[in-house]
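Dropping the structures in below, format is structure tokens.
In what comes next, subunit A is part of two complexes: it sits with subunit B in the first one and with subunit C in the second one.
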Partner chain A sequence: MSALPWAPMARMAGRRLLFAVPVLLAVTFGVFAVAAASPFDPVDAYAGTAARTASEQTLEELRHNLGADRPFTEQWWDWLGSAATGDLGHSTALRQPVSEVISERLGWTVLLCVTAFTLTVLLGTALGVLAARRRGGPADRFTTAACYTLEAAPTFWLGLLAIWLFALELDVLPAGGLTDTRSDAVTAGQVASHLVLPAAVLAVSQLPWFALFVRESLVEALDEDYVRGARARGLRGRTVLLRHALRSGLLPVLTLVGTRIPELITGALLVETVFSWPGIAAATVEAALAVDFPLLAALTVLATAAVLLGTLLTDLLYGLADPRVAFDG
Partner chain B sequence: MARARLWTSATILLAVVLAVLVVPPLTDLDQQLVAFSDKLRPPTPSHPFGTDDAGRDVLLRCVYGLRVSLLVGVVAALVATVVGSTVGALAGALGGWPDRLLMRLVDAFASVPHLLLGIFVVAMFRPGLWPVIASVGLTHWLSTARLVRAEVLSLRERPYVEAAISGGSTRWRIAVRHLVPAVLPRAGLAAVLMVPHAIWHESALSFLGLGMPGHQASLGTMIHAGRGSLLAGDWWPTLFPGLFIIVPTLAIAGLAGVWRERISPRRRSELML
Partner chain C sequence: MSDVHLASEAAAAPTAPGPTVLAPSSVWHRLRARPLFWVAISLITLFVLMAAVPSLFTSVDPEDCNLSRSLVGPNGDHWLGTDVQGCDVYARSVHATRASLLIGLSVTVATFLIGVLVGSVAGYFGGIVDAVLSRIIEIFLAIPLLLGATVLLATAANGDGGVLGVIVALSLYGWTQTARIMRASTMETRGLDYIVAARASGASDPRILLEHVIPNAISPVIVVATTNVGLFITYEATISYLGLGLQDSTLSWGQMIHDSVSRFLTSPHALLAPAGFLSLAVLGVLLLGDAMRDAVDPRSRR
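Here is the complex of A and B:
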């Protein structure tokens, strides 16, 4: 790994970023266009119930002050201008600047997603190996059937059942939140115990895809000549499986991790809501329920940026893992 | 093996569809019948799935909820398939800059996480039947568009299409006689496979409070409403609607697996969602 192809990698990253800019611009434009086409009224959202009793003139002034009387293309352009300086507007639901909401909450979401995804990779690899070891055997059939059932199960439903089982019946883990309601300080131990259930549910929701992919990849690798060669040399079955087949079989799967960011965001939206996790995904749902356009728009764009970054990461990893792939995509 | 899967899936799906179509009009059971004296009864022979926090029968409500979920799922999958096939066919048939433009549009749409885009659309247009269908349809046409485009691109190079062109067939005749029949099975399979996705998406929106309203309760709405009872320890109003999502999903996936093997027998594929 001493001579990484830095120059071609950088060139590809640059090209991808250049592609990302128009996509992000298109998404922001689309967000403003949808808002303009919808019955959503920013003055209503800003003033709340006060809008019902306010006089027509006050409302007109408010509309003018908010800039809501201008065409949406102009509002979009202004938003882009202030977004470039870090000002993403003011959240009407949470009553604080959008950038503050993001900086306060992003860390918790990243913690949740990284923990969950690590769990998925570990558990999924174990399950995949177990299933591929004897294709068509009882372990394989059970794992495969369990994966399809889990894939069909709604994530929020799994989360609710997990709360019922572990927080209510067994009473071993907290049902939600970040810390106990009694305490004011955020301590690592409390966060860890509150993290277990949401991270486990998010991990389980990603598990079917990963385990089945590992299984398929391993089954393919086990048919290769080098595996047969290792067997013929008299190596132990376990050595062949773990040291030879898994090594090459896991690589394509790991490189695809970046493409799972959309699913991870979808899962986080549901899991954070179920477990009242104070992350950015729960804020998105709150914003949607309160029709908080500034927050919702910023978070939609942020999620899109995360997805584009994940795709870039996948391409870079893929090129690194497989030298036959050229960095010119 | 495939035969057993076909029959199990078909039987389950038939039973589900029959229950959903027959129970509401033929019985005079009222799913909204509130009986507070019977509230939150655990499963018993007279209420096999128990009753919810207003004393309503959970089994009956599940059947009605599945009716709403299936309706939304099927209509949204149809919308998505029609939009996706149109875009894909246009891109594949026209080629050149319209193709590049349309595919960039697909890429841009694919970069926004589906549920997030769905949440955004429903939040702006207020929750209800049509915004939910629009939100699902809008986010699920991308894969169909890519699939149909790829199919049309490969069909354009086939000898029988070239023969039709040199034989002087009009564009219209080639499209109707050669392209549509070849693309239809795959688009149909994609549409069928999309129904569970659409149901999943709809129930997630409903669970978040951004989907179907209470008087048109879907399975997701029921799980949303059952959350309070669950936190008090009563699990049945939450458990059974979830099972009602899983079972038809698996049945549809089983049928689609058999269908896929029939249209492309070389790729011995497995059950896929």
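Here is the complex of A and C:
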């Protein structure tokens, strides 16, 4: 593997990073434009019920202090300026600086997503192999049917079902949160037991796509000449399936993992809300319900950046896996 | 943009959209032979009937509520029990079908029209037009749909909870996949001999696009649009569940789920009923989409 095409890969990454700047600018501009078009008054949110009794002059002063009386393009420009220095503003919903919200919560979301996605890859590969081994057989029909049923079930419903079954009926796992309500300290054991249900639900919600894709890719690989050749040489069915077909069949699937970031973010948003997992995705819902612009703007940028990064990763991996694809995107 | 399909584009169209010419009779023959197609059609017919004429399925008024029978479990009078207000859960689930299907279908039609227009223009004209449109697609694609819709609903719509707000929010962020598939499909169709012949015979660009390119490039988009109906029904339920979508005035499955989620652990029936309706409807649409994909694109046939 010494002949990795470093130079074209670096050029592609460079071009994508350059393109990411205008995209992120456009996205933040969009958030501020939507905020400006909104009938929602940030002063009301800031002052709460006090806004109803306050004099018009006080409200005007408050509006001026918050900068809400200026055109939104100006507000956007100011926000960009302070964001560049690391100051993302103050979250009105969570009553702490936005950068603090992100640094406190991002780690928990990454832990949840990485655990869930590892589970998805392992389970999905196993299911896909089982299904592809005998096309149209009982295992294949079961897997395909199960995948369609799961795809039809919204993620939040899967989460609620899991709570009902494992936390309430069987009482084997905690229903939500990061630790038991009794304990103050965050210990690894506590977190691990609280991670099981949300991670499993997030994994299962991503499973149908992955398993069906592995199955399709394997079915295609099993038709290739080198697999027939391996079979003709008298190799065992298992060896052919796992050593020959899976090796080339899994590659295109793994490279596409990066494009699933939007679905993963959506899934995390729901799973974290259902299980009260203190991650960044659940904060998005809170921010939206409370119309917390500083937090919403920062989180939208964060999500967009994650998606762009995932796409870049996919195209890099794809180019590595298939030398016919040029790094010219 | 290069002519080589990047992996991220292949993901948007896992079945490699090609200029498969949709010959209606052969597609129908292949569809007819699949038992799952008939399961899908039965489910979809059931739910369309339910949306159009709810009185066929229940004679109980969904607004006839009585607090004295709040949260009663399933019984002879109330097949699926009652909710916290004492309303019949089955009757409400039946009447909620209309809003849920209406939103799913409207968003699909809107995203289909936007996607086909943007995708075919980008793919047909190429060059600077394609470059500009592709960048716009990429900007929208980078915003996770649910997040974008959430921001829009929370701010611009200010939580007024109307059907139209939900449709606009979902449509605005949901058209990119359709546009990318249409673009890829148009690019493959554009170079075919009969298009070149039409151009040589002096046909104008709009005419070639409308009469020759779009009809022949559209079949992969139709397949995706079918599946999208189910996807958008789920999205409506999801944003309503989060409390950002439809409000009390409009009855939908997501809204029923939202109302019953806080008492889910003590009276699960009030949530399981609308969630079950939702899953069955989405399953019907997904099965239809799968059957159509196999029928339109024989390469992916099992």
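In this text, the second predicted complex is superposed on the first by the 329 of 329 C-alpha atoms of A that agree within 3 Å, B and C clash if a C-alpha of one lies under 4 Å from a C-alpha of the other, contacts with A are read in each partner's own complex, and residues count from 1 in each chain.
One rule holds for everything that comes next: a residue touches a chain if its C-beta (ideal position, glycine included) is under 8 Å from a C-beta of that chain, and two chains touch if they have at least 3 such contacts.
Since the model is a prediction, treat every value here as computed from it, not as a measurement.
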Task = Could you tell me whether subunit B and subunit C fit or clash when both sit on subunit A in the superposition?
result = clash
Partner chain(s) touched by A:285 [first = subunit B, second = subunit C, both, neither] = both
Ask   = Once the shared chain is lined up, is A:164 touching subunit B (first), subunit C (second), both, or neither of them?
value = both
Ask   = Between subunit B (first) and subunit C (second), which, if any, makes contact with A:251: first, second, both or neither?
value = neither
Ask   = Can A:273 be said to touch subunit B (first), subunit C (second), both, or neither?
value = both
Request  = State whether A:309 touches subunit B only (first), subunit C only (second), both chains, or neither.
outcome  = neither
Inquiry  = Looking at A:130 after the superposition, I want to know if it touches subunit B, subunit C, both of them or none. Which is it: first, second, both, neither?
reply    = neither
Task = Examine A:154 and indicate which partner it touches, taking first as subunit B and second as subunit C; both and neither are also allowed.
result = both
Ask   = Hey, is it subunit B or subunit C that touches more of subunit A?
value = C
Request  = State which residues of subunit A lie in both footprints, the one left by subunit B and the one left by subunit C.
outcome  = 22-23, 26-27, 31, 34-35, 38-40, 148-149, 151-157, 160, 163-164, 168, 261-262, 265-266, 269-270, 273, 284-285, 288-289, 291, 293, 296, 299-300, 303-304, 307-308, 311
Note = Counting only contacts in the complex, subunit A reaches subunit B at residues 22-23, 26-27, 30-31, 34-35, 38-40, 144, 148-149, 151-157, 160-161, 163-164, 168-169, 175, 261-263, 265-266, 269-270, 273, 284-285, 287-289, 291, 293, 296, 299-300, 303-304, 307-308, 311
Message = Per the contact definition, I'd like the list of subunit B residues that touch subunit A in the complex.
response = 104, 107-108, 111-117, 119-126, 196, 200, 203-204, 207-210, 220, 223, 226-227, 230-231, 233, 235, 238-239, 241-242, 245-246, 249-250, 253, 270-271, 273
Remark   = In the complex, the residues of subunit C that touch subunit A are 1-2, 4, 6-8, 10-12, 14, 135, 138-139, 141-148, 150-156, 158, 230, 234, 237-238, 241-244, 257, 261, 264-265, 268, 271, 275, 278-280, 282-283, 286-287, 290, 300, 302
Message = With touch defined as at the start, can you tell me which subunit A residues reach subunit C in the complex?
response = 19, 22-23, 26-27, 31, 34-35, 37-40, 135-136, 148-149, 151-157, 160, 163-164, 168, 213, 216, 219, 255-256, 258-262, 265-266, 269-270, 273, 284-285, 288-289, 291, 293, 296, 299-300, 303-304, 307-308, 311, 314-315, 317-319, 325-326, 328-329
